Each structure stands twice: as C-alpha cells, then as structure tokens.
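Below you'll find the structures, each written out as structure tokens.
Both complexes shown next keep chain A, but they swap its partner, so chain B is in the first and chain C is in the second.
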Partner chain A sequence: MDIIQQLFPLPPIPTLQQAVFIPLALFTAVCALLVVLSPNLFHNALALVGTLFGVAGIYALLEAEFLAISQILVYVWSISTLITFAIMLSRGMMFGATSKTNKQAGTAIDGIVVIGFIGWCNFVSARSKLDVSIAVA
Partner chain B sequence: MVPLSWYLVLAAFVFSCGLYGALVRRNAIAVLMGIELMLNGVNINLVAFWRYGDIIDKATQQVVRLDGQIFALFVIAVAAAEAAVGLALIISIYRNRKTVSLDQMDLLKG
Partner chain C sequence: MEIWSSGLTHLLTGLGLPETAAVIIALAIGAFVLANVGPVLALVLILLLRKVISRMQDRIGPNRVGPFGLLQTVADALKLLSKEDIRPANADAVAYFLAPILSVFGVILSLGVMAVAPGWIGVDLNVGVLFLTALGSIGIMSALMAGWSSNNKYALLAGFRVVAQLLSYEIPMVLAMFVPVLLVGSMRLGALSAAQSLTIFGFNTGLGWFGFLMPGAFLIYFISALAEGEQTPFDLLEAESELIAGFHIEYSGMKFAMFFLAQFLNSFFLGAIAVMLFLGGYQGPFVDQIPLLGFVYFVIKAFGVYLLTIWIKGTFPRIRVDQMMAFAWKVLVPLVLALILWQMIALKLPGATLDPVTGDVLQYGFLNYIAVFAGNLVVLGVVSNVLMNHFKREKMRTKRAFEPKSLIGVMQPSSGD
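And then the complex of A and B:
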C-alpha cells in the first residue's frame, strides 16, 4: 500500500478557490472553443454568452465584483442582444454552399502557436519560482 | 489561492480562440465575436495582474491602486461601442449588397 502511494502520489487536494476555478475555467474554455468552431452562427452566439458568463465568474473569483456586474450588464445583456439581432437580420446568407472559413487557417495557427508559447513560458516561469522583476529588469 | 499562472493560461486560451475566429471565419458577425473573445482574454489578464500586484498600502492597509480594474472597464466600454458600430455597419452593408461575407465586402477596392 505504501509503495503504491509512493509510486502514484495523489494530486494535492485543491483549495475551495481552486475547486471553484477549475470547472469555471473549463466551462469558459469549452464555450470559447465552441464560439469559433461550431458551424452554426446562432450556436456561436449562444456559446459567446456562455463564455462571457464564465469570464464574469472569473472576475468575481478575482474579487472584482463591480467588473463582474458590469460584464453581465454590458456584455451578456447588451452585446449579446446586438449580435443576436444582427444574426437574425442577416439570416439566410451564410447557410449555403460556401465554406465557413477562408484560407488563412495556417497563418492563424502560427499566431496561436506564438501566443500559446508565451503562455507556456509564463506557466513555466511561475512554476519555477522565477522572480519576474529580475526578468523585466 | 489560485496561482496567477492559471489565470494567464486561461486568458491565453481565450485570446487564442478569439484570434483564430477573427482570422479564419468568413462571416463578418463571427469575426466580431472573435474580437469580443480577444478583448475578454485581455481583460482577464488585466484583472489577474491587478489582483496579484501589490494593491495594499503597507502603512495604511488600504487599497491604493485600481488601475487594472479601470483599464478593464475602459476595455468593456470600448468593446460595447465597437460592437454597436460594427454591427450597424454590417447591417448597412447587408442592406446594400445582400451579403455578410467578408470576401464580398470590396466596395472600397476601387
């Protein structure tokens, strides 16, 4: 029993904040993927509303309550209403033979790899307890 | 306490999704949605760095800096204005040209 626990140590028990953050971040990330990957424009708008709600939750978790309320008021109410109206007013044009995406996917993925690399560097430097102020100076 | 890097990874992911959508989609409304996603990723970064910076004055024990939140608020306001103007443009172009495809919006090409 001890050997098994030494070989496969249990992950550290998340604190309450972490236990709230992880499902919230997963929800936000999945909704953000749906916004750009789902072929149906209306599903995109619904997933965008989900992402904005998730970001509002992230603000609340960061103790920026005023921003969370502002996010829900401005984004989830106003902007989602605008986008839904624009979709319904220009409906029928994009459901056809033409493909939903253009030929710039390679360029886009290049840019995303760069952004992901920067995020990964952030993660690693924070993991290895590097002092950020030294890196900046 | 959630580590700062978790927020940064989430923000980078949301920003990347928005960048992909803004560069790749053909529909103008989908491109606008990608831009909204990018602005949200930036906002997560701003608020996370605000929260994890030294916002407490050691002497008076009061919150002294709110610049991250103010920046995020500015971004929200600008995004609202941008969405209103952009969607109005899209509707206007749709009335004139009967399309919302970015490939056919070449009125200014001469």
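And then the complex of A and C:
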C-alpha cells in the first residue's frame, strides 16, 4: 500500500490545472480513439479536428499560447480543411461506412507485446529503484 | 495594469472567500456576461439593419411591436425559438447538432480578447491578433459540418462555396491585420490600442489611428472583412433572391437562429476588430482622464463601422463568384504581400530611436512614418483604380445589354432619364 502511494502520490484536492487537464486529456484521447474507430470517414475527420483542438488546449494549459494558437491555425484551420475537402470530393466516400478493421491484426498483437514488455520493464525497474530508496531510508 | 476582474476579486476576498475561489468566481461572472452580451447585441444589430435598410429603400421598416418597433427582433427571436425543431431523416445527427453550436461558439470567443476600454479586456493574450484569426477556423468547420450533415446536395455545394470564399479572403485579411502589428511590435490587442494615442504638447488627443497612417492596409482589411462577414457585395453565399439559403437550408427554429446570430455577430465583430487595429480602439480625446469614455468611443466606432457595412449592403449589387475570387487572389493578396514587404523595409530605414541596451526600437522616426504612409497610399491608389475600372466596365456592359443592337454607337445617352 505504501509503495502504491509512493508510486502514484495523489494530492487530496486536485489543483485547478489538474481539474482542467483531466477532462481535456479525456476529450483528446476519446477523439483520438474515434479517429480510428468511427466507421464514417467524415466523422473520423471531425474527430481528428477535435483531437488537434485538445492538443492545442494542452499547449495552452502549459502556458505556450503561441504554440497553441499556431496549432489551431496550421492544423485545425488549414490541414483539416484540406483533409475534409479531400474526403468530401472523393466520390462515394462521404456517406458510406468504411471497414473498421484491416488484415493487420498480427502486427498489432506484435506491437502490443513489444510495448507491453517495455512498459513492464520500466515498471519493474522503477519499483526496484523505489525498493532501494526505501531500504536506504 | 489594473485589469477588470481585480476589483471583483478584491470584493469577494473581502467577503471572506479564499483567493482561488474569488478569482474563479470573478472570471466566471465575466465569462457569463460576455456570453450574454452576444445574443443581446445581435437583437440590436438586426433591428438596426432592418431600420436603416428600410430608410435607404424609402420604406418605414418594422414599427408595430413596441415603441418605434424596437421590440420587433425580440418577437422574431421568440418566434424562432418556439418553432418546431426539424431534423431531416437522413441527416447525420452529431454533426447536424454540433454545427450551429460551433458557429456561435467561434464568434462569441472573440469577445474575450476585445479591448473595449483601458484595462477592460477579458484576457490580454500576447497572441491576441493570432487568436482572432484562429477563431475563423471554427466558423469554417461549422459551415462544412452543416453543409455535409444536412444530407442535401445544395447545402453541401453551398458549404463548399462558403469555405472557398472564407479561405480566400482570410489570407488578405490576416496579412492586412499584421501590418499594424509589424509597426507596434506586439500582438496584444491592449498594446495595439494603446499605441494609437497621439500626444501633442503633453495632451493625449487619441487620434493617432493607424487608419490614418496605413489607409491601404485598412482598405484591404475592410474589403476582406466584408467578405468574411458574408456581407454585400460578397453575400452570394446566401443570395436570398437567387439561391436557396445556403449551407443552412435544412435548419429550422433555434438552430437556424444560431446561424443567423453568428452571422450578424461575426460581421459586427469584424468591424470591432477593424476599430481596434485601425480606428484607434478606445482612443479619443480625454480618454486618459476618464477611462469610461474609452468604452463610449469604442462602441460608437464599432457601430459606425457596422452602419458603413449596412450602407454598402443597401447600395451595391452582388458580384459574381469568379469576380470575387479573382479580386482576392489577383488584386488583394499580391498587394498586401507587397505592402508587408514595403513596411518591413520602411521600418528599417534610419531615423528610429533605439534602446541603447537591447537594441529594440523605442520610437520610429519621421522618415519611417513617411515611408509607411507613402507605401499605403500607393496600395490605396491601386485598389481604388482596379475597383473604378471594374465599375466603369460594368456600366458599359449593362448599357450595351439593354440597348437594341442596331442602335449601339448611334444612340446618344438621353437626357430625360
């Protein structure tokens, strides 16, 4: 229990920044998931816009206003308008549903295994360091 | 600088609230007020438009509801709100609902950075001008979403038309907005307004407007802002007499009202941005002594620019799509690029007072200002020449079109009509 608390120390009340960050990050993550999971191509594009907006919001939270505004100007304004136009002008893609899956399941499993292994290694090494520090203390 | 929320925060902390809570409550009150200013302002704007246009067309205009018809738009708004909300069966639900919300959202956000009086500014962002330009992206996305999600090919085509027009005119507009930014060296809207003071013998007359120094940039901004706000002569997006309503054809009731609101507020706010950048913002005589006067000046100037757009709406015919595009890409964009290049050269001419330590420019010299003014005069001349030639050609064309073929060249203009 002590180790968990030391690994993930939670302050009793979230600060204002955290209170803004958590919904913002959730919004960004959900939109990013929708980009790949939504069957409708136009919804994917809209979700991409939402994701980029969320990232801009995170920049603004980090007090990088110029970066945030540039993100909106370059990505939301120009690039997503370009993407939306490309989707809308391609015949038959506007209203049809695209397949959610492709034949790359094996690659995905490989990737998950590798990333999971790296994450597990990190976790283990972090815990061992913590053990050492607790032992020293 | 004392900002607007500090007084409220002091009051709330005096009541015993903790500092953070007081700040949050003060900011929330400010945001609430700003969000409600928009719709109320739109009622005034619509009434003003109808009254002034009627006067120009020799009509009386709305005069039944309330004294002098003042409550007409309130009645209209209530009618729109109480209408049935219809959704086409095959419309895409998410995008169809989001589009009107986003269109209003993007417009009202710009209120947050407006410097309406000394220190009266929601947030004095250090990228204020860039923020205002970035908000245009939300309007474009909402138009696209509305056009696509209505499941109507005319709405979709109109959506494409809107985006093409907004994208084309956003470029000269943004570049023209950066001409004063280059001179001031700051994108803060508060700083831009503060820089337009003109002190003569220790008295701030408040008349150092950038519109006087840079008339060319102002003209380009104003023309582009007309197109951005979808005002005449660039209102072929809705073109009530020729087309169906445009990308919001399938919308009814409150959702349509939101698009309507967004359009009116957008054209007003573009005028307000013109006031902040080129017409001195809150600057005017005695503003240093009485800060509240700044707010009065700002409102008067903003409504003046709005009346100018109404005047243009009542006067000019609509232009064609190809003429509109050609004017943006062949006239405005090259000219404003040349203007920015010239501005950079002019500001590097000798004569400026430099900070001895940092090397920053403290005060530009006479030579710099003269060079900037000369460049702007050239741009002003070229734009007005292009417009004059266009009007002359159009006049000739319409005359030819309405005369019998056999009489061309023979008939003299009659004195009677």
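By definition in this document, the second predicted complex is superposed on the first by the 90 of 137 C-alpha atoms of A that agree within 3 Å, B and C clash if a C-alpha of one lies under 4 Å from a C-alpha of the other, contacts with A are read in each partner's own complex, and residues count from 1 in each chain.
In this text, a residue touches a chain if its C-beta (ideal position, glycine included) is under 8 Å from a C-beta of that chain, and two chains touch if they have at least 3 such contacts.
Please read these numbers as outputs of a predicted model, since none were measured by experiment.
Using the contact criterion defined above for the overlaid structures, shared-chain residue A:Val36 touches chain B, although it does not reach chain C. Using the contact criterion defined above for the overlaid structures, shared-chain residue A:Ile72 touches chain C, although it does not reach chain B.
By the touch criterion stated above, A:Gln18 is placed in contact with chain B alone, chain C being left untouched.
When both complexes are overlaid on chain A, the residue A:Tyr59 reaches chain B alone and has no touch with chain C. By the touch criterion stated above, A:Phe27 is placed in contact with neither chain B nor chain C. Of the two partner chains placed by superposition, only chain B is touched by A:Asn102; chain C is not.
Put simply, more of the residues of chain A are touched by B, taking chain B and chain C as the two choices. The contact surfaces that chain B and chain C form on chain A in the two complexes overlap at residues 66, 70, 85, 94. On chain A, the positions that touch chain C within their shared complex are 16, 40, 42-43, 46, 49, 65-66, 69-70, 72-73, 76-77, 80-81, 84-85, 88, 94-95.
Taken together, the chain A residues at the contact with chain B in this complex read 15, 17-18, 21, 25, 28-29, 32-33, 35-36, 41, 44-45, 48, 51-52, 55, 58-59, 61-64, 66-67, 70-71, 74-75, 78-79, 82-83, 85-87, 89-90, 93-94, 98-102, 104-105, 107-109, 111-112, 115-116, 118-119, 122-123, 126-127. Chain contact summary for the complex, chain C toward chain A: residues 20, 24, 92, 94-95, 98, 125-127, 130-131, 133-134, 136-138, 140-141, 144-145, 148, 151, 156, 160, 163, 167.
Chain B makes touch with chain A in their complex at residues 1-21, 23-27, 29-30, 32-34, 36-37, 40, 43-44, 47-48, 50-51, 69, 72-73, 76-77, 79-80, 83-84, 87, 90-91, 94, 98-103.
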